[in-house]
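See below for the structure under consideration.
A, B and C are the chain letters, set down in written order, and residue numbers restart from 1 in every chain.
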Amino acid sequence: MKEPLIRRRILYDKLFKIIIVLLTFCSILPMFFILFFITSKGISAINWRFLTQLPKPVGEIGGGISNAIIGTIMLIGIATAFSLPVGILAGIFLSENKKGKLASLTKLCVETLQGIPSIVIGIIAYIWLVVSMGSFSALSGGLALGLMMLPVIITATEQTLILIPGSLKEASLALGVSYPRTILKVILPAGISGIVTGILLSIARVAGETAPLLFTAFGSPFMNLNVLKPINSLPLMIFNYATSPYPEWHTLAWGASFILIILVLGLNLFTKIVTKRWKVQF
Amino acid sequence: MESTVLKIENFSAFFGENQVLKEVSLSIPQNRITAIMGPSGCGKTTLIRCINRMHELIPDARVSGKIFLDQEDIYATDPIIVRRQIGMVFQKPNPFPMMSIYDNVIAGYNLNGIRLAKDEKDRIVEESLRKAALWEEVKEALYRRGTFLSGGQQQRLCIARALAMGPAVLLLDEPTSALDPKATSHIEELIVQLKDTVSIILVTHNMAQAARVSDFAAFVYLGELVEFGPSGSMFTAPKDKRTEAYLTGKFG
Amino acid sequence: MNHSSAEFLVLRSKTKTMRWRRPAFSESSFRKILSIAGVFVLLLLVAIFFSLVIASFPSLRNFGIRFLFSSTWDPVRSEFGAFPFLLGTLATSLLALVISVIFSIPISIFLGEYSAQGTTATFIKSMIELLAGVPSVIYGLCGLFLLAPLVRILEMKLGVAPYGVGIFTASLVLSIMIIPYSASIGREVISLVPSDLKEAALSLGATRFEVVRKVILPYAGSGIVAGILLSLGRALGETMAVTMVIGNSNSIPKGIFSPANSLASVIANEFTEATGSLYLASLIELGLVLFIVTTIINVIGKLIVRRMGVEG
């Protein structure tokens, strides 16, 4: 019934599907490998001392990553402080001025900013803050991370607010509410879940960044709460320990990686789950 | 003799070069229901949006002529003040989704930063909901979000929200076209009851509704006010040929 | 009825005369603030570009265009040339691109055509997205301690110097990192292929494979290319993972297994130790080159994506 030509075409079709499926599933294998090895090599280093102690000099047993954890939190805080106000305002600007030359130009700039390699951002923060301040600092590291968070927050704000139906704005304006109050007290709260998602996702992005901190925050073996001094962070520590020649430090690097990946992937998953529940019905 | 609450004099409205309203002159009687009818695109929605100064929010929109609310030229007043005195209810109910029913009703005050004592707020909310014939149905659920309400209830909530501001005029832009017949008749009953409280301008493309509910009717066609008069005589014996053609369904 | 309408009239006169609080800012000043935020973003980008140019000035002035073609990188003699790093960046990125495409196009076809909905699709999509979320330094860590030893074994079998690190290892790690970018855009453009085109082909007796080859890929082709371009842009700028496994050598790499440096990795390695303004300016000029190249590639990719109606 089936000619040989048709049989061959059906064979190719089946082969194709097998190859596609195989390659697809192969490509997610690295994820499993990464998670597996980080967990198996890292979990042995995790204990209470690890999380609460400062790093010890080479040769001494123990030591921890407490300054890196605090440093990461501080850097994220500074970065958020830099990027949040401008980010949300620019996002509102873009959503309220969909046509218009300034808006399209700004949008282009946002997309360009998003594509700038993180090491170049580090160079910029170096030029702007480290050179002028004369030293490495948490502030310059926070600026670098803030520059990376900015385009994500702007885009998330814009995309969220665009989806809000115009009837909401009309309802508010018809009550005699002024335009600024309408935007700030009606439109922005209506979009809060999308905006918070954007913020959380941008935090997840910068929490794992190392390159922009190499010559801004620079890293430090000490606990530092002063924004004008160098500060450590989890990714920086992982880099420094992994590229060192000391096996004890390699173990610490795995342990720190375990903490970092839980933080980053956890934030990503958390964002996905929570925003589904916050979605407001229009 | 009817007293006039709103006087429209030689009023024209434009979208860029396109003239949508042509020299409309109309006196809206106080405490009555005035229906504005006409086929789609005739300018009736534009007209009421000019009355509460929402038309000018569109870029390229322009107006000429005058509209007086109780002898005040509304185009010489701050539009925000105008909108607080002239309320609007939209075609599709649009309660604020993030707010409770209570907060929705009092939104005009909250959003404007007006501080009121709690019992005064309670009083306004209850009165407005009673006037909107919604109080009995929601009084146990005032602090819940309004999303569980039916379409008709949501629309009554929007009416309550507008009434809470104590407006002189209430603009209703096809308020029942998105609702089922039962909800529609509830709202129509409500509108008739409300005319003691506010003067009502009702835009509708539903002629039967206009005939049922309104005291006065205006027929607008291609941006012109073709005819205006008491509903009784207008529907049975229209003076203008165009009105008659519209009412008999020659065009929609 | 009259009683409550009288109350309402009282309320109305009250609201007319009540001192409504003036808004904190007027509409026009608020709109101005919004515009300022927009302009700020613009100025930011301009400032970034000019800062890079100005800071590279000593190097630009000293070496001129030779900088891009010179292969000497000698901090001692203050002789700097970008060529080894251009080569390193291109080699790792292009090789990574080729390897990643082998996986990302099948993923796009799988998720866009074969299995667009359902738990498998969601699972695979989430896994791919997670791949994009793993920090670069962790890829570097795994590359250094897990992949490099394997590559060393391979190199020994092949009879080349068993560094373990080098262009090949860096390309492998990079390829995994950039798969999500081309896969997600590819998936979107493939899912946008109109079903009536596909159904027409199927009704003529085409197999699914043939529909993919003759209808889907031609239609979605430019979108897939755009996705690949965007992942190239990502690869060019990738720093940490590459730095940790590329071998840190400033001479021209001899072969695929040689250690090398990319534009990003040499900056990462040497920036903090750069002494002298010419050294630093040269490193910053490398950053400028990186900035320009990635921007151009990203803009081209985004333009194509925008034209296909997909929001990357």
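As a working rule, a residue touches a chain if its C-beta (ideal position, glycine included) is under 8 Å from a C-beta of that chain, and two chains touch if they have at least 3 such contacts.
Worth saying up front: this structure is predicted, and the values here are computed from it rather than measured.
Chemist: Which chain, with its centre taken as the mean C-alpha position, is closest to the global C-alpha centre?
Modeler: Given all protein C-alpha atoms shown, the central chain works out to be A.
Chemist: What chain is the most remote from chain A, judged by the mean position of CA atoms in each chain?
Modeler: B
Chemist: Between A-B and A-C, which chain pair is linked by more C-beta pairs in contact?
Modeler: A-C
Chemist: Centroid from C-alpha atoms only, then distance chain B to chain C, rounded to Å. What do you get?
Modeler: Each chain's C-alpha centroid was found; their separation is 53 Å.
Chemist: Please report how many Å separate the Cα centroid of chain A from that of chain B, as a whole number.
Modeler: Between these chains, centre-to-centre, one finds 49 Å.
Chemist: What whole-number Å value describes the gap between the mean CA coordinates of chain A and chain C?
Modeler: 14
Chemist: At which residue positions does chain A touch at least two other chains?
Modeler: If we look for residues of chain A contacting two or more partner chains, we find 178, 181.
Chemist: If a residue has to touch 2 or more other chains to count, which residues of chain C qualify?
Modeler: 23
Chemist: Where in chain B do residues touch at least two different other chains?
Modeler: 80-81, 84-85, 112-113, 165
Chemist: With touch defined as at the start, can you tell me which chain A residues reach chain B in the complex?
Modeler: So the residues of chain A touching chain B come out as 165, 167-168, 170-178, 181-182, 185-186, 189-190, 280-282.
Chemist: Please output the residues of chain A touching chain C within their complex, sorted ascending.
Modeler: Listed in rising order, the residues are 9-10, 12-13, 16-17, 19-21, 23-28, 30-31, 33-34, 37-38, 86, 89-90, 92-94, 96-97, 102-103, 105-106, 109-113, 115-120, 123-124, 126-128, 147, 150, 154, 178-181, 183, 204, 207-211, 214-215, 218, 235, 238-239, 242-243, 250, 253-254, 257, 260-261, 264-265, 268.
Chemist: Where on chain B is chain A touching in the complex?
Modeler: For chain B paired with chain A, touching residues are 52, 54, 57, 80-85, 87-88, 90, 92, 94-98, 107-108, 111-113, 147, 158, 161-162, 165.
Chemist: Which residues of chain C touch chain A once you look at their complex with the stated criterion?
Modeler: Residues 23-27, 30-31, 33-35, 37-42, 44-45, 48, 51-52, 55, 102-104, 106-107, 109-111, 114, 124, 127-131, 133-142, 144-146, 176, 179, 183, 207-210, 212, 233, 236-240, 244, 264, 267-268, 271-272, 283-284, 287, 290-291, 294-295, 298-299, 302 of chain C touch chain A in their complex.
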